[in-house]
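One chain, chain A, links the two complexes that follow: it is found with chain B in the first and with chain C in the second.
Right, the complex of A and B next:
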C-alpha cells in the first residue's frame, strides 16, 4: 500500500498554492487532512505527482458566527466542529452530524473543506450543507466566487470547482427550529448506508419551513425540495411524514454495493428520514 | 522520481533528522528509520488504530500521514508515555485489569486513551467506548480495556486531588 512518488510542497500563502495548481494542472492536487486522499493514493486510485499541502496557509481554519452567519474555514477539522460551543449554539446539527463521521482519529485530521470538496457521495457534509443552504467560497486565478452547495455537485468526484480553484470557507445562515442528522451505518467508521439531514421550523403548531437532504443514495447528495414541501403546512403527523418519505424516494437513485441492494437502501432511506423528521420536529 | 527530503521530527521529546521520500508513511518512518516500534501496523488502511500516535496534540493514525506532512511535528508514541521501570498509569491499569491479551492493539489503544483522558478526565463508560471507537481489538472483547481506562481515570483524578 505504497502510493506512487510525488513532489511535496507546503506553500505559506494562497498565491503560492494557486501558482502551483496553474503550473501543474491535472497533475497537482491540494491535501488537507488527507483522510480521503491518502487512502485513494495508496490504492493508486488517485495519481498525484504534485501534492500541495494546505497546512502552512494562515487563516484557513476556524469557526465564527457573526450576525447570524456561520463561517467555517476550509481547514477546520471535524474534531473542531464537535468541540465548538459557538457552533453548537448556532447550528447544532453540525455537531450531531460530525459525531457520526468516521472515528476520533479520523476526525482530528479530516477537514470540513476536504469533506465537501472531495465529491464522494459517501461523505456526510455535502448533504448537510445542502440542507443548510450553504455557500462554498472558492478562490482561483480569476479571483473569488461563491457557489451554492445545492449547485456544487455534478456527479461522483465531479464538482463545480475548477482544478485551479481552492475552497477557502463555507458560510450559511444559522438555521432556526429543530434539526436532526440521522445516519444508518454498518459500524462506527463506516460511510452511510443512508443518512438524512433535516431542519424544521414550527409556527402555530404547523411546519412553517423545512429542508431535507439525503446522503449516499445517489452519485451526488440529494436535496429533496418535494420532501420538504410535503411537510410544510402540516402538523407533521404520520400522514405528512409518510408523504415526505414518498416524495424523497422519488428523488433518490441508489445503486447496489456492499452495503446492500437497491430495495434495502430505499427501505433504509425511508427509515432514517422518518426518524430524522420526528426528531427535528420534537426539537422545533 | 525518488527525491528525498529533509525531515525533522520531535518524537517523545527527542529531535530527529533524516532523509525520506515524501510518500513514506509516518508509521514506517517511526518504525524503520527511528526504530520506534511501539506503534504497530495492523491494517495499513486507516481502520484498526494500532498505529495511533499523538501528533501535535491530536490522536492520529500514523499509517495515514505522509512523513512530509509530519515534517516539523511533535509526536508521542507509547514509548513516550512510560518506561518498563516507571509505567504510565494507563499501562499499570491495563496490566492490573487484564486490558490486553496478545497486546498487538495495546500501544495504539493506550496512546489513544491517554489523549482521551487528557481531554475528558472524567469519562462515562459510554464516552470511553465512543472515544476508542477508532481502535480495534481482536482479543479482549473491549470489556477489560474499558475497565482499565475507567480505573486509570479515577486513579489520575485521585492523584490530582491529593496533590491539591
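Right, the complex of A and C next:
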C-alpha cells in the first residue's frame, strides 16, 4: 500500500493545470478529493507520475441554483451536497443519494466532480447525473465544452473526457415531481450491489414524465429510457412497475463478483428499482 | 487511632473486584498516544518489505535482484539462499511442522514470502520490491482439501521420503502425501453402535468457512542487534513475547539472556499475533547482517492474505436421540484445511485444538471425534480467532446439530436443549470426549434468557409471520436464533498443555513500594483487553491497596516474569490466578508485620479491606500503607526487609464459562438483507472482576461474531487467488451494522480458581456465531430449510430463499 514516486503540482489557475496536462499527457492526472485515485495509486494499480492537485484553483467548488438551473462546482464535496439547503430544495434526490455514499469521513473529502469524472461504475453520482440529464462542463486547450452525462461514459474508467481536459462543473435543470435514490449495499462504505435513481412527475393521477438510471449493474451507469417509457401515461400501478423493471432488466448487464452471482444481482436490481419507483411516485 | 471514613468508603476507595472502574489504558488510546510497533523509530533504522508470490503453486526458477540492488537506498535483498547458511530458510511451526521463511524452490500459496528487501526508507523498499525479477513455473493448484487427498500432486515435497513413502508427521501416521494428521477422541465403536440402533438420527454436513481475525493493527517487528554487547532487542506484535524469546534463541543460537523481546501496545490480536511470521525472522536476520535496526510492518492486504487465518473446517455430524428427544450419541468428523504449512497455534498435543469440546453443554453419553488435517495451496495458520482453540468450530457444530435434530424430531429447539443440558448437580462433569467441566448451572441461565426475551411470545409472532408471508401480506420473515455454549478456556494445566514443550502456566510478580503503591508484572500481554485495569483490581482486593496505586506492566521479557502470553481467554484464568496467589503471599507477610507493629500474635490480626485489625478490637489496626512503610524502614526481628512476591500458577483444570444467547432477526427474502431486531446475551464467566470491561468484551466479541456469521470470509478462486484481500470485500462491521446488545449474567464461580473467575473475552464470539447463524436458519425453517452454510451474506440468504421457492 505504498505508491510509486510521483511529482506533485498545485497550480493556482486552470491554465496552469491545462499546461501540465498537455506537457505530460496520460502520465498526468488531476486529483480532487483523492478517494478513488489515491487508493488506486497505493495499490499500484494506477501509475501516475505527475499528480496535479486542483485545490489551489479558485471557483471550482460551490453550489448555485439560478433560474431553475443547478450548478455544482467539480470540487464540491459530498458533505457540501448533503448540507446545502438550496440543493435540498431544488433537487432533494442529491442529498438522499449523497447520504448513501461511503461514510462521513470520505464524504468530507470526496468530491462530486471526482466521483463523476473517474468513470468507476461503482460510483453513485454518474447514474444519478444521467437520471437528472446533467451536463458535464469540460475545460481544455481548445476551450470549454459540455457533454451530456448520458453520453459521457464509454466503459469502466473510460469517458468522453480527453486527457488534456478537466471537468470543472455540473449543471442540470432542477427536477420536478417525486424522487428516490434506492441503494442496496453490503455495509457502510461499500459500492452498490444495485442502486436506482428515479424521478417521476405526475399529472392528473398519471405519470407525466420519468427518468430512471441504475448503478453498478454494467461497466457504465445505465440510463434506461425503456424503463421510464413503461411508466409514462400509467397510474404507476403494479403492472406498470413490473413493466418498468422488465424493461430495465433488458438494459443492464451485471457481472458476478463478491456481491453475488448475476441472477441475484438482476433480482436485487428489480427489487431496488421497484422500491425506488414506489417511493418516487409517493412523493410525486 | 480513630478511623475517619466508613468501611463502605474504604471498599469503594479500593476499586477492587466487582467495580466498574474506567479503563486506565483509554486515556492514551483515545488521544492517539498509544505506542505501537510502527511508532518505534530508532537511529539509522532500515525498512523491510516482501516480494510475494502472485501464484498459489509454482516452482521458483530464478530470482534476479540486480535491478533492485541498483536502486539508491537499497541495502540488501535476502532470499532463501541467504538464509540457508544460518539454517533460517525454514522455521518450525507451533504445530510441529516447519514452514519456509522465504520461498525455497517453490511457492505454495498466493502472497507467500519470496524475498526480503531492506532499504533506507519504506518507499524505497516498496519500489525495490517491484524491481526484483522472479521467474516462476506454474504448478497445478489445489484449494479443495477433499481433492487434495485424492490428488497425485505433491504439495509438500519435503515431507515425502526419497523412496516415495510417507513418513509420520508430528501427530502420527499420514494417509496420503497431502495428509497432515488424523486425531481422534472418544469411542468410535460404541458411538457407531448407539447411532445405528437409535430411534432417531440426524445427520448434517457443514462448512465453517475460512476467515481471518483482522486486527486493526497489522503485524510487524523492529529488530535491533547490538553487535558491541551482543544483545538482540526485538519489538513486535507478539501475543506471547516470552515464547518468541525462547523460539528466537533456539533458532538463532543467541543465548536467551541476550535477547529482549518487547510487545508494546498491540492494536488487537484475536489470535492473529500468536504465531511467528517470516517478517519477524527476516527483520532479525537483516539486523544481524546490517548491524542496524530493521523494521518490518505489513500492510492490510498482506495481513489478510498471508498471516494466520481461522476456521476452514468441513464438519460432518451424526446425532442420535430417543423419540422424546434425549440425546444418546454424537459422531463428528472434520476435514481440516490447514493450508500450505501446518502452522496452527494450538497446544502441541492438540492438533485440532479443543475441538473435542464438541459435545457442548449437553449430557451425551457416548461420542466420537475424528479430525483429518490436509495441506492445500492456501495461506498457513489456523488460529483461534477470538475463541479458545477451535472452540468456535466445536460450538457451531453442536449448536447446528441440535437445531437439525430438533427439525428431525419436529420439536422446539429451546426445549430440546433444556432436556439435554448437563444438570447443576452433575458438576464436576466428565464429558464423553474427556474434559472435566468445572461448574455450571445451565438450566437457570437458559430459563432466565428465554424469559427475558419472552420466548413463547416470539414463537407466536413468528408463526403469525409465516402465515402472513404465505398469504402475501409481507415479504419479511422472522427468525429466532438460539445458542447455548460452553467454552473451555484458561490453557492450561502443564500436565497436558504445552507449546513446543513450554508448559502453559503463567506468572505474576509484585513489588510494593515503601509509600504503599505497587508495580505488578505478568507473563501475559494485553491487546486491548484492559489488563492494566482489571489485574490491578484483583490485586487491590487481595492486598488492600487501591487499584489506582498499582501499575501493571506486561510485555517486556527483561522485566516481566516468564509466561505463555494472552490468547484463548487464558489471562484471567491463569495469570489472574497467579496475581491473586502472589497477592496472598504479600498479605501473609503483611500479617506478620502488622502483628509485630500491633504487638499481638500473628493469628490475632485479620485482614479487613485495606488493613489488618486486631480481632475483636477493630479500632486497633495497621493499614497496608503503614505496613508497606514498616516493611522497608523498620527492623522487624525474624523478617527480611521488603515486600515483594512472585507466583507461577499452573492451573489444576481448564475453566468452563458458558452462556445463553438469543437473536431475533427479520429477513427480507427479496434482497437477502437481514435486520437484527434484538440480541440478548447472558454470560456466566464466574466471578466478575469489572462489569464494564466484561460488557465491552461482550460487545466486541458479538460484533466479530456478527461479522463471521453474516459475511466475513477469506475466499479463494480455483487458481488459489485471494478474492477478499481488502476491506472492501472482507467484511469488517462498523457501528452502522451493529445492533444494540442487551447483556445479562449469572455467576457460577469456578471451584478451582483462586477468585472463581473463568475468563470472558472470547465467549461472545463462541456463542455469537451460532446464534446469528441459527437466527437466519430458523427464519427459513418453516419453509423447509434444514442447513445452509455461512457466511450468510445477502446473496447467499437470497439463494436460500430462491432454492426454497420463495421468489416464485
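Operating definition for what follows: the second predicted complex is superposed on the first by the 284 of 284 C-alpha atoms of A that agree within 3 Å, B and C clash if a C-alpha of one lies under 4 Å from a C-alpha of the other, contacts with A are read in each partner's own complex, and residues count from 1 in each chain.
The rule is short, and it goes like this: contacts are C-beta pairs under 8 Å (C-beta built on N, C-alpha and C of every residue); 3 or more make two chains touch, one makes a residue touch a chain.
Just so we're clear, the structure is a prediction, and the values are computed from it rather than from any experiment.
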Original post:
Between chain B (first) and chain C (second), which does A:147 come into contact with in this model arrangement: first, second, both, or neither?
Top reply: neither
Original post:
Should A:208 be classified as contacting the first partner (chain B), the second (chain C), both, or neither?
Top reply: neither
Original post:
First (chain B), second (chain C), both or neither: which does A:35 touch?
Top reply: first
**OP:** Using the superposition on chain A described above, determine whether A:104 touches chain B (first), chain C (second), both, or neither.
**Re:** first
Original post:
Is A:189 touching the first partner chain B, the second partner chain C, both, or neither of them?
Top reply: both
Original post:
Does the superposition put A:243 against chain B (first), chain C (second), both, or neither?
Top reply: neither
**OP:** Identify the partner contact of A:53: answer first if only chain B is touched, second if only chain C is, both if each is, neither if none is.
**Re:** first
Original post:
Counting only touches as set out at the top, which of chain B and chain C does A:4 meet: first, second, both, neither?
Top reply: both
**OP:** Pick one for A:79: touches chain B only (first), chain C only (second), both, or neither.
**Re:** first
Original post:
Overlap of the chain B and chain C footprints on chain A, residue-wise?
Top reply: 1-2, 4-5, 103, 188-189
Original post:
For the complex, which residues does chain A have touching chain B?
Top reply: 1-8, 10, 31, 34-35, 38-39, 41-42, 49, 51, 53, 55, 79, 102-106, 108-109, 188-189
**OP:** Sort out for me which residues of chain A touch chain C in the complex.
**Re:** 1-2, 4-5, 43-44, 103, 184, 186-191, 193, 258-261, 263-264, 267-268, 271-272
Original post:
Which of the residues in chain B come into contact with chain A in the complex?
Top reply: 1-3, 5, 21-23, 25, 44-47, 49, 52, 58-61, 64-66, 68-69, 71, 112, 116, 130-134
Subject >> Complex interface listing, chain C residues touching chain A >> reply: 49, 122-123, 125-127, 130, 299-301, 670-673, 711, 715, 723-724, 728-729, 731, 733-734, 736-737, 793-795, 798-799, 802, 807
